[in-house]
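Chain lettering (A, B, C and D) follows the sequence in which the chains are written, and residue indices restart at 1 in each chain.
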Amino acid sequence: MLDKTGIAQRIAKEVKDGYYVNLGIGIPTLVANYVRNDIEVEFQSENGVLGMGPFPYEGEEDADVINAGKQTITTLPGASFFDSALSFSMIRGQHVDLTILGAMEVAESGDIANWKIPGKMVKGMGGAMDLVASAENIIVAMMHTNRAGESKLLKRCSLPLTGVGCVKKIVTNLAVLEVTPKGFKLLERAPSVSVEEIQKSTEGTLIVEGVIPEMTL
Amino acid sequence: MINKKVANINEALQGVSNNMTFMLGGFGLSGIPENAIAELVNLGVKGLTCISNNAGVDDFGLGLLLQKRQIKKMISSYVGENEEFERQMLSGELDVELIPQGTLAERCRAAQAGIPAFYTPAGYGTEVAEGKETREFDGKMYVMEEAFKADFSFVKAWKGDSAGNLIFKGTARNFNPVMCGAAKITVAEVEELVPLGELDSNQIHIPGIFVQRIFQGEHYEKRIEQRTVRQRD
Amino acid sequence: MLDKTGIAQRIAKEVKDGYYVNLGIGIPTLVANYVRNDIEVEFQSENGVLGMGPFPYEGEEDADVINAGKQTITTLPGASFFDSALSFSMIRGQHVDLTILGAMEVAESGDIANWKIPGKMVKGMGGAMDLVASAENIIVAMMHTNRAGESKLLKRCSLPLTGVGCVKKIVTNLAVLEVTPKGFKLLERAPSVSVEEIQKSTEGTLIVEGVIPEMTL
Amino acid sequence: MINKKVANINEALQGVSNNMTFMLGGFGLSGIPENAIAELVNLGVKGLTCISNNAGVDDFGLGLLLQKRQIKKMISSYVGENEEFERQMLSGELDVELIPQGTLAERCRAAQAGIPAFYTPAGYGTEVAEGKETREFDGKMYVMEEAFKADFSFVKAWKGDSAGNLIFKGTARNFNPVMCGAAKITVAEVEELVPLGELDSNQIHIPGIFVQRIFQGEHYEKRIEQRTVRQRD
């Protein structure tokens, strides 16, 4: 079974040379730490920066240079700043190659719910709805089940949706799955996790074809 | 050049009154019009509708207006990090309309550009699209969204000149440029008002035509919301 | 009767302090020469410049600094350059206060035709359709009659339209007229031109109320 | 940073073929992609649809492609100053679609921004609106216009870097920025390719994400169409 870091490590393998990547808050943010350093990748943040670098050294924080999580950041040579309209032109116009974000629920149709729990304080969708509605390549990073042990991979989402039919791939603490017209196709098992365990934790249709390899990080 | 410089903050906010709709630049606490917000608190105008990506924190940014219960409605994409906001929202004192961030930016830009409506994929199939027209283009579904209408835009830039030309800095740019000219009156506050001609004509982010009033802010706190650093090796 | 320069001179009086003005090609271009120099006005050109100055001195022409007529120009301190989308945001978004352009025909409804003569080579509307559809304040600069002596102020335009119901004021070699719901209201006569002459040259409804003053330049 | 630099003009135009739709930046002869046009003439591709505000003059700009009858259709706002163009248009060899300049710019920008359609007042009540949907917003009539679709955008910038970041100069900017990322592949040619990091991150007109290939043009004639000067006093 993977921890959050493990999920981020596995997703990092999906990041290819030449990709522009938008990382959501939480596990997705960690992905940046594990991308191979022999490939060129640029991270976009929807508040208006392309080419993000590491966090600044203490004392070098700049209130005018933050990411979408409002964290102070640095930029790399060749980075650019731009306004929110142009930032979402990048996203809506499908210029960002890969979007990685968290979810509360994913349905086998590719629907995703990650912004609102009825009855609880709703903070808002931020840029998530634009990202999921536009991106051609969306990977969801999440735990396979919620704190109550219930599956987050469902036949249908029970929570208000963020987007419909948009998720392509899911990496959880238990498995890597692809969203297909017939359901969640199991691609890889997390180390020492059995297909049966994954099946038990998946409420939506799980497609198991042939031998399912254990993932490598 | 047409002179947009006003003598002081009073003059900058002249005409502001109760129940108006404002656009306010900024993402989190970065690039917010600190001086205009402070003066709105001073003026005590109430019943405001604020179009702003976020709602500040308890004791800074739009949180200052929330504390005084001057805001009737927020139109934002994300409103976390604010307890007073949460209290007013849950008690029903505050009306909140949450919309996707890209749609928020584009509805400002549409107002600036004289585009009454456009189509976006964001929110299709979600409650954001409820009651809105949807439409298919090339096999994909989109939602029709309309330009915002607002009385004042309050924006904050890094540098500006008396002609109203603006340059922003880093990610403090965010929503500020797209809100310029998107309301009836745009009030720009800048960290530094430079002599006319000092800004490179080729590098102006927002030409002065989109700005009606400009002034140099007295003081900028520029508070950092999430100070995140790494250790030196 | 006015010549083209006179028309430009008369229109220049309509330009007020603090106006952003877009000038069309032909007579409108001349208006810039006659604007009072105790007021502040900025000229916008739709190819992407605000704050145009005079033509450059010989040897100082820059291929990268032209106006919408493709003429080499200079800019004043405080000028700005921008792309075509932002330029038409200024126009479509009604940030430009006054548009002055020529016309082949104007109808008493405010319709304008100035881009196409069927059967002749059509060069295109350029930015004219955006300008007339958007501007709140449009002044047409033209001769009162065409070369064949026929009125250009009509009940209805005969040529393909550039815009509908948009012209507010017309300055010709004979008169200054306002477009009203009831027709062309005569405001001023050109020097030594009689109301009868204007009436004779106006095919559309001409409204003459009281004594019509002779214009001053 | 992702490297967008190509070795030469051949590589820059790889994939170009007959019957494609191109966007080409420039206003008049200012800011046109001179090197890309020259190479398109060399390649001899035919049956092209060109989206460009103007069509060049007889012996420069798109006029060079017209001379070789490589263009099947022009989508422009103004096409004067070109006799060969006029001849081909009147003879029916060349198809010409004239659209308002602001609509041309906005349809490019819509393609760049993933906006499939928008409403504009330009052309309402004229033949430009024939066959198009019209609609009322707040008592005013608008025409619905759709985003362009194109195979290649050829743009010309002043300076650029290997990450594809671009800076334009003066009014040579015009349509170039809005065409970046508006076609499947954007090819940018620059007067000067500078080392990565030399361009100020805060002053980049078009971030490299909108550009797939970049190269420094071998030579720029930068012809002036209407040389207009005043005499020294």
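Here is the rule we use: a contact is a pair of C-beta atoms (placed from the backbone, for glycine too) under 8 Å apart; a residue touches a chain by one contact, two chains touch by 3 or more.
All values derive from a computational prediction rather than experimental measurement.
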| item | value |
| --- | --- |
| Neighbouring chains shared between chain A and chain B, ordered by label | D |
| Of C-D and B-C, pair with higher C-beta contact tally | C-D |
| Chain whose Cα centroid lies at the greatest distance from that of chain D | A |
| Cα-centroid distance, chain B relative to chain C, in whole angstrom | 36 |
| Chain centre separation (chain B, chain D; CA means) in Å | 32 |
| Averaged-CA centre spacing for the pair chain D and chain C, given as whole angstrom | 28 |
| Geometric centre distance via CA averages, chain C-chain A, whole Å | 55 |
| Two or more partner chains touched - positions in chain D | 106, 109, 113-115, 120-121, 168-170, 201-202 |
| In chain C, residues with contacts to at least two other chains | 81-82, 85, 88, 91-92, 134 |
| Touch relationships between chains, expressed as pairs | A-B, A-D, B-C, B-D, C-D |
| Residues on chain D engaged by chain A in the complex (per definition of touch) | 1-3, 109, 111-115, 161-163, 165, 181, 196-197, 199, 201-202, 204, 207-210 |
| List of chain B residues in touch with chain A within their complex | 27-31, 53, 76-80, 86, 89-90, 98, 100-106, 108-109, 120-128, 158, 168-178, 205, 222-232 |
| Chain B residues touching chain D - in the complex, by the definition given at the top | 106, 110, 113-121, 137-138, 140, 142, 146, 167-170, 201-203 |
| Chain A residues touching chain D - in the complex, by the definition given at the top | 18-20, 40-42, 44, 50-51, 75-82, 85-86, 88-96, 134 |
| In the complex, chain A residues that touch chain B | 45-49, 54-73, 81-85, 87-88, 91-92, 111, 121-130, 133-134, 160-165 |
